[in-house]
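Next, two complexes with subunit A in common: one pairs it with subunit B, the other with subunit C.
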Partner chain A sequence: MRKTAIQTKDPHIQALARIVGGEKSILYKKEDLIAYDCDGFTVHRHLPKAVVFPKNTEEVAAIVKYCHDHDLPFLARGAGTGLSGGAIPLNGEVVISLTRMKRLLHVDLENRRAVVEPGFVNLKLTNSIADRGYYYAPDPSSQYCCTIGGNVAENAGGAHCLKYGVTTNHILGLEVVLPNGEIIEIGENGIPDPPGYDLLGLLTGSEGTLGIVTKITVRILKNPEAKQTVLAYFDRVEDASQAVSDIISAGMVPAALEMMDQTAIEGVEAAAFPVGHPKDIEALLLIEVDGISAGISEQINEILHICKKRNVREVKVAQSEEERARWWANRKTGFSAMGAISPDYLVQDGVIPRNKLPEVLKNIRAISKKYGLRIANIFHAGDGNLHPLVLFDARKPGETERALAAGSECLQVCAAVGGSITGEHGVGIEKKEEMRFIFSDEEIVAQTDIRDVFNPKNLLNAGKLFPTPGRCVEMKQVASSIK
Partner chain B sequence: MSLRESEIKSGPACTTVSLGNYRFSDPPDPSKWADCVHCGMCLESCPTYEQTGQEQHSPRGRVHLMKSVGEGKLEITEDLIDPIFTCLDCRACTTACPADVDVGGLIEQVRGQIRQAIPLTGWKALVSDFFLKGVFPYPSRLHLLGSLLKLYQKSGLQTFARKAKLLRMMPKHLAEMEAILPEVGVPVRKKYKHTNVIKAKGETKHTVALLTGCVMDVMFSDINEATIRVLTRNGNDVVIPQNQTCCGALHVHAGDRETGRRLAKQNIEAFRHVDRVIVNAAGCGCMLKEYPELFRDDPEWHEKAEQFAQKVEDISKYLHDTGYDKPKTELNMRITYHDACHLAHGQGIRQEPRALLTSIPGVEMVAMPNADRCCGSAGIYNLTHPEMAGAVLESKMEHVPQDVELISMGNPGCMLQMALGVMKYGRNQKVVHTVQILDWAYQKEEGKEVRI
Partner chain C sequence: MLPLAWKDDLTTFLPEEQVKIDGQTHPLGNGGHVTVYPQTEAEISAVLRYANSHGKKVCIVGGGTKRGFGGQMECADILLSLANYSGIVEHAAADMTVTVKSGTVFGQLQDYLAEYRQKVALDPAWPQYATIGGVIAANDSGPKRLGYGSARDSVIGLRTVYPDGTVIRSGGKVVKNVAGYDMNKLFIGAMGTLGVLSEITLKLRPLPKYESLVLLSFPSGNLEEVRSFAVQFLDSMMEPVCFELLSPSLSERLIGKRAYTLMIAFEDVESAVHYQEDYVQRLRPSHTTIRILPQEEAKSFWQTFYTIGPNGAAPHEPAGNEVEAAVKIGVVNLNVISIIRESELLEDCCHVHMEAHGALGHGLCQVYLKGSEESIITAIEQLRAAATSLGGYAIVKHLPFALRTRVNVWGEKPSYFFLLEGIKRKIDPKQTLNHQRFVGGI
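So, the complex of A and B:
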């Protein structure tokens, strides 16, 4: 084990080490920092100045205040599973890792809420209350590892958010350290919507640019009485997407409605959790309905009927919890599974009107051909949230750039059919330029103005979420500074 | 045929390939890190990340670090040692990783590079050389050590040392270890030195060879005895090749791949004439199955290692697959089962040992949450990283059910560590090897009085 003295003369590192209580709670050597040079988005990398591991809100506030007073850029990091580069220390930030603030503080079944520290892992919440018949609904596929703090920052969604809503629908209160070190509480006593502006809504999804979340009160739900899961294989993508539309138009709200295309199926079948999906189908649907027992089997029958009407090749209902779990593990590890068929991937995160899916997929196939890169598609079909996964090999010169361009074009396609450039993974570094596909310069300035209220020195997570100002924006800033 | 000494001593043809800043022969396999997409799905499976919350102590962080050296972005320095050697090599990340990244394999290869670039110095080198190179590979020396230990335990010296508080002079973790040392018996390799074949009871269905293990045979000869009884009871002739040696796992984990290869060659030769090699120590079994990894640059030995690896099987899986007599007498016990890392994550053996246990009438299995979480033993990790090993053990013990009599597992290293846990946290369970329970059941059936 290493000696316990700080082996650097850097006064900032020594001061930060004193705040967090010594050598074991700070990293500053290159060998230790490398692990923090990126998150789940690996295209841009930068070493942080240091990584600190506070144990409580007071330490977070003291670190933030120190950075604020000494003009050191800083940012928060949870598990680093973000897919848009939100936790990448582009400016050599001091990274404030919240992984040691990982306690479940309080469970209040009567009022159906729980209080957690930001580093508490998403799935652990459900695991801790499952035996009492409760669960936490937002279930990003990264839920095995990602933190609830990171979920709040990214307003994470998941397969089951079709029926239950994304993270923002489940947040009742936050404790936040503002960029000057001040600690505030929003939604006190679990009353989520006090009069005045909806600050909870503003902070949720702010991608770590407005403050550092140090405590979260979330809504927990009672387990549904019954649950059934259907797997359907389609020869044609058009039929699968038509089936999705039919299910929704029939007035059903499944808990989850997921689609994978042929390349995605190839990936998951080559990886660690294969199910045995046929490889020659164009698409599969994974559909789950839940609720009170009465009515579930009618819904299932109707879904089976719709699938058949849309020329399904094979459709089956999970016969056991074990089978259901296998189907979900296969789906939820879908992104990482691409590692089995490609050294690198880039996940895109567009939103499209459901009925445009066949058209969008056709365009994506054309993009794939144009750039000579394979693109797999995993789709939260129910809410139109499409994840094109651009497969590439960063070791091959020029391929990373091609992948980025292909990814950007996929988003353009989504925006062009009336959709959006992010459903749940956030903008981060990755899509900040693509913000222009959907916002005018004025609209972007309106948003950075809000950021400046919270984060006037722009030390917290700078260079994310919004594009580098365009010409007219710069003009405006010049004008306002003259005033 | 006897072993060709010269061949075994010489390594593979010296290779000059270097990979980024890995400059010695046998560099890590870059296709292993190429599979990693940096998703982080492995983080929560990792005991050292759980304890530290730090990503350089996580599988993803370690892969990234090892890759950075391979890509020439980072030199091999002293500061690399902490993240790479704090890994328990527990392989939990390999199970968790959707892209099947072999983090453990990479870690071992990189440790090989680090140990060549920065050799151990001082007392660490002395201790490591003494045990890893000077004792484990030599049965006679191990047996001598065993006899000394026995003398220590039986002569009253142990009682004296404990009473006289002499143990206080040792570092705390060593003193703790002393307290849980099992009572030393007669190593089976010594006992059956002049027995060619231990005959099956009744009709012979198979002939199998037993890997007795090095430390195992000295410290846990009773488990080897139980294994032999269970095998012969189920129609197996058992042979114990005398020129077998230590499996080399401890050497490979420590980065001494050269000694690992030497031992591997000796074992491959020693078991040349048998078609089944039965192992009752998960760590050793996993190592034997992975011998081919050691000979990536040596086609001839690679081929031999492949053939050898095919023959290796863990005792629980062997019994489960080839069939065994279900005990008929009731053994009224509540048992919980701990998945040894190198059985569950390393060899994918999870259900077989549980099935063996539940097939014994009267056994009530109590599930252990997170049963496949490392206990912190990890070979000699508990000696080299006592602080982390202790923290990992503490988390493990929180999950061991209170209301059981036995904690069963398939790896002697874990048994020592779990016994330490039982002692440290004031629990009262007995820690036993799965095969011992089956043996116990058979003996009871035969009307014998048994004490586990």
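So, the complex of A and C:
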């Protein structure tokens, strides 16, 4: 292969270029770096020092070792779909893009596992095994483009994790490059409960601050024999919430149980995948039940009964796979659909005990009023994971700041009812100060102590996940004032 | 008698009746010269703070069922018993979560939840003795793990008392949460080497509307046939919550049939359960024998099943110099068949009584052994060799103290042992808690 000369005198760039095999696998000119100055969280931007594209674990390890030895900050990046800023090079990092490590290495259907490289796209895994009737369960809405490596870093969820769990429940093994360049393998051969502390569990969701995952063994599942999907329109959001509680307490575990409020419905209906939802309802529920075909109709009947008892205006069961797919496309593009009714939007990701929903929605409406910004709610209602979408216009002076403040206040509301500040998007940059809403100083130190074991020089993805020391007092006052 | 003048220090922060001198050593070790029975989290903190600042070693015990699981200390300075630290802190029935004190007996928790038609989705051994804290700390799981996952899938929040007495919360009370590191995972299965679990928050599942257990025996002894059936069944869309192979010896004890037997459990609405039973009927080879235990019969079978292994809280007085042991083996799913086969072969060549079962859907096996000390040690080594030759591992879950010094309970250290050691050093630098109980002498 002909190598183009590197047009910089920066010795680090030259050294990194040598590791990855030349000009084609590194970006270092400003105009090329701009695309990497943020991820799905666009409020903060910072240019990386360079972006490198390793092809294999050894190259990742060599890059990391070089950065470690030369005190260069670095971080890993997948598809850049993260919503909390985990892949933003805050400190001018060397960005290690894993998009060229995108092979499906091994599929073992008999033993229900697959081995992928971190840049392998989530949905491609399901597509690769669908002909044999298998799938990979975690299904974040960005699954058509997000990578499994990124899913591991963020412990990604999705609409169907109510029944099947989030990423951490499906990871059997990891190959990891530690922040000093050493390569380790945890969960060899994907065998559960490897003796020792559960490092698989610790690394999953560590937002790229403990190591860089270079190979992933995941559990794959057999498709359910049958599934049915229900769409229910409610005039009152309280009735919809109550129906959710009733379904859960009736002893059912639906595969998915999603809610959208009126503003969210307005957005999805104005966007690319409208399905004709009425605009004057306060909430809709999208409910999916799957499992053994012989048991499905009984559960569907019970759900229909519950919805009727809770004053549903209209409730229907999808009559075809095509109809079901349309309902889901409408829901899964819900965030980006807000673009149809607002120039900008900010997604939040609070979690609440399910029975606190009416109270929390009321408080969010008050926040919306207080800041003069519309807030749409898309909600994984079954597991209490709320996504308030704060709609704003960044061109108007001060509105971005107001939107951020409104988003943060939504999280305070979630924390105050015993919930969490993030259910699946991660803390990243966005919510690091809000960590104070739910953790004490000692509890945060307990976590940074663990980071120090893996990442003692804190060169890997520094400045994420944990609050800046010193701001704790004011954040705590805010938190306690709303209790 | 050892000079235990410092025992009086304990009574400065604990009532006299919660501090007991225990003169006797236990055959399973993991005891303490002084046993303390804290009743509050503050008392747990006070005990640890005292021990940590006075260089005392602390062993932790719940119901004592896992007393023979790891540990190189026969007697620590203090045995911290959680027997009197029990009860439900909060049951959010509508949210399907429960927060419970770690000393709560697992079976009592399940009985309480059953009134709400809910359960913790774990089925550990000896539920009438084991505490929830012990189940989580030792990461014990049972045959229904295939359907419901293990402790790491059920625990959503913990309050853990660190060795210096600080209480650290991890996770929370909501079922989905990615705020900060998933610290819960660190403490699950850590064998109490990082902290004392104080309160545990679990997500709950509804009790199934109907259940049954299918017992499918293969009298031919042909394991290829078992494998072929298993592969076909697991490739179907059936949803068993348990799919385990029993060794002929264990099958004989449980159902009086000396043959490889598959335990296939279904929990769903009644029509779905029967539909799956029918599926097994259609798929099974003609000369196999099948027994279906519905509802109460299945429940009663499981209660027996949970008591087949050794119980550290009530060790039998074995005849002569016979000892009991239990080994957990992890291999790739279908290699379970080889392990069950190996246990049967070893029974003859090692002169031990061996009973085994293993899950073809996730790869974990349990082997229970009885025999003379020497033969048990040989058999454990052989089992480990079989597991490692398949790329798996073997750990010894139960063995008398005297033999634990002669067998490597946890097997070889993993290549990343320095990380485990680093974590221990950060959290418990003085090695106060359950010293040498875990992998590599941690």
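The rule we apply is simple: the second predicted complex is superposed on the first by the 466 of 483 C-alpha atoms of A that agree within 3 Å, B and C clash if a C-alpha of one lies under 4 Å from a C-alpha of the other, contacts with A are read in each partner's own complex, and residues count from 1 in each chain.
Just so it is clear, a residue touches a chain if its C-beta (ideal position, glycine included) is under 8 Å from a C-beta of that chain, and two chains touch if they have at least 3 such contacts.
Since the model is a prediction, treat every value here as computed from it, not as a measurement.
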{"item": "Three-chain arrangement built on subunit A, subunit B and subunit C clash or fit", "value": "fit"}
{"item": "Partner chain(s) touched by A:Gly86 [first = subunit B, second = subunit C, both, neither]", "value": "neither"}
{"item": "Touching partner for A:Ile34 - first (subunit B), second (subunit C), both, neither", "value": "first"}
{"item": "Touching partner for A:Ser97 - first (subunit B), second (subunit C), both, neither", "value": "first"}
{"item": "Which of subunit B and subunit C A:Ile186 touches, first, second, both or neither", "value": "second"}
{"item": "Touching partner for A:Arg112 - first (subunit B), second (subunit C), both, neither", "value": "second"}
{"item": "Which superposed partner A:Cys145 touches (first subunit B, second subunit C, both, neither)", "value": "first"}
{"item": "Inter-chain angle, subunit B to subunit C through the CA centre of subunit A, in degrees rounded to a multiple of 10", "value": "140"}
{"item": "Subunit B versus subunit C as contact partner of A:Ala272, first or second or both or neither", "value": "first"}
{"item": "Partner chain(s) touched by A:Met338 [first = subunit B, second = subunit C, both, neither]", "value": "first"}
{"item": "Subunit A residues touched by each partner, larger count belonging to subunit B or subunit C", "value": "C"}
{"item": "Minimum C-alpha separation between subunit B and subunit C after superposing on chain A, in Å", "value": "20"}
{"item": "Touching both subunit B and subunit C, residues of subunit A", "value": "none"}
{"item": "Parts of subunit A lying in touch with subunit C, wherever the complex brings them together", "value": "109-112, 133, 154-155, 157, 161, 165-166, 168-169, 184-186, 188-202, 204-206, 210, 222-225, 245, 248-249, 251-253, 291-295, 298-299, 351-355, 380, 383-385, 418-427, 431, 435, 438-440, 442-444, 446-447, 449-454, 465-466"}
{"item": "Complex contact set, residues of subunit C against subunit A", "value": "92-97, 117, 139, 149-150, 152-153, 162, 166, 168-170, 172-186, 188-190, 194, 205-207, 209, 231, 234-239, 268-269, 271-272, 274-276, 328, 330-334, 361-364, 391-393, 395, 410-411, 414-417, 419-420, 422-423, 426-427, 438-439"}
{"item": "Residue ranges of subunit A touching subunit B (in the complex, touch as defined)", "value": "1-2, 27, 29-32, 34-40, 42, 51, 53, 79-81, 97, 99-100, 102, 119, 121, 142, 144-146, 271-273, 333-340, 343-345, 395"}
{"item": "List of subunit B residues in touch with subunit A within their complex", "value": "34-44, 53-56, 58, 60-62, 64-65, 68, 74, 77, 79-80, 82-83, 96-101, 385, 387-388"}
